[in-house]
Amino acid sequence: MVRTYELRTTKNGLFEITDQICGAIAESSVADGIAVVMVPHTTAGVTVFSFPDPLGFDDMNDEIGRLVPTRINFKHQHDTPQDAAGHIKSTLVGVSVSLIISEGKLLLGHSQAVYFFEFDGPRQRTFKVQIVSC
Amino acid sequence: MVRTYELRTTKNGLFEITDQICGAIAESSVADGIAVVMVPHTTAGVTVFSFPDPLGFDDMNDEIGRLVPTRINFKHQHDTPQDAAGHIKSTLVGVSVSLIISEGKLLLGHSQAVYFFEFDGPRQRTFKVQIVSC
Amino acid sequence: MVRTYELRTTKNGLFEITDQICGAIAESSVADGIAVVMVPHTTAGVTVFSFPDPLGFDDMNDEIGRLVPTRINFKHQHDTPQDAAGHIKSTLVGVSVSLIISEGKLLLGHSQAVYFFEFDGPRQRTFKVQIVSC
């Protein structure tokens, strides 16, 4: 039942995944329910963000980097500093989001789209979509 | 199945929406399940927060503004600086929350209530509630 | 239907609760669905985090404390400064998370586990798990 999607992140930042989620909903034939989108990675997240001004994506990536700088003195030394910072960002943004399915369609506001948020790119990534009917 | 509620935010900050969610649950007659509350806006969020000290709402609004200052040099210039900052806040707080329905009632801790979080007010706003049974 | 689990937090930081969630899923006999984990407290949260390097837990706790310092001049004076800061952290991290159940098991990435995040410990705490089938 769970659908898995692959994507290649070319850098840190937001990568739109709305189409894949809409596709999963269409295939499920669920008219009313919810879709849970989940990222099985510890240095990435999933979020709903505004798309009309693409420069806003840069601001979002800049701000999360300002809030959680990639510094060399994390206690975590298992991997790179970008990996250590990515774990923190992942908790702040979240690795799953619950979305509403209404009349067979993903319910989003007119300026909203769904994004995979890469904190340790570029990487080959996946995300999962589970759909539950009302 | 999805219920839509309107509210008028008079300023930035938290506006309680617990009653509307409880009403949606009562109308649904679902005894055990989950309720997904979703904000179809890109400069708002939804959160669960502590209500006993109303001054805590001011602290929450102050802190999110301190973490993501409304500055004039965002790359995003599609709208106002408050709009650009609101997109970032929206990702940090989140635009949807999954809550538990138990014995026909919304399950919350004794100090918890649910809030619409306005980042670009005052505005006429809506939020959506979807209910799924176990 | 909702399962309640108790835990004793010995300090601020992350306490793993993956086993309890997996137990709830096993007891439910649900093969495909979602599990909503919810914390009924206003100074705690729930998150998915990386476990291979345990020092990363310290970084996470340090960073949330750096982002929202426990200061004495919060407007909220209903309780301690740590309590006031905890409310803010709770909104940033979130008090609920939706996870995917696939083939009777909790779906997580190979480095992910689920954690109760204590912001005002040590405390006796609870968390709730609701399971919905597809």
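The letters A, B and C name the chains in turn, as written, and every chain counts its residues from 1.
Going forward, a residue touches a chain if its C-beta (ideal position, glycine included) is under 8 Å from a C-beta of that chain, and two chains touch if they have at least 3 such contacts.
This structure is a prediction, so every number in the text was calculated from the model and none was measured.
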{"item": "Touch-based graph of the chains, sorted into line, ring, star, complete or other", "value": "complete"}
{"item": "Interface numbering overlap (same over half, different under half) for chain A and chain B", "value": "different"}
{"item": "Inter-chain centre distance, chain A versus chain B - centres from mean C-alpha coordinates, in Å", "value": "19"}
{"item": "Chain C residues counted as touching two or more neighbouring chains", "value": "34, 67, 92, 94, 97-98, 132-133"}
{"item": "Residues of chain A that touch chain C when the two form their complex", "value": "1-2, 34, 36, 38-43, 67-68, 74-79, 84, 87-88, 90-92, 94-98, 128, 130-133"}
{"item": "Chain A - residues contacting chain B, complex", "value": "32-34, 47-50, 52-53, 55-56, 58-60, 62-63, 67, 92-94, 97-102, 107-112, 117, 132-134"}
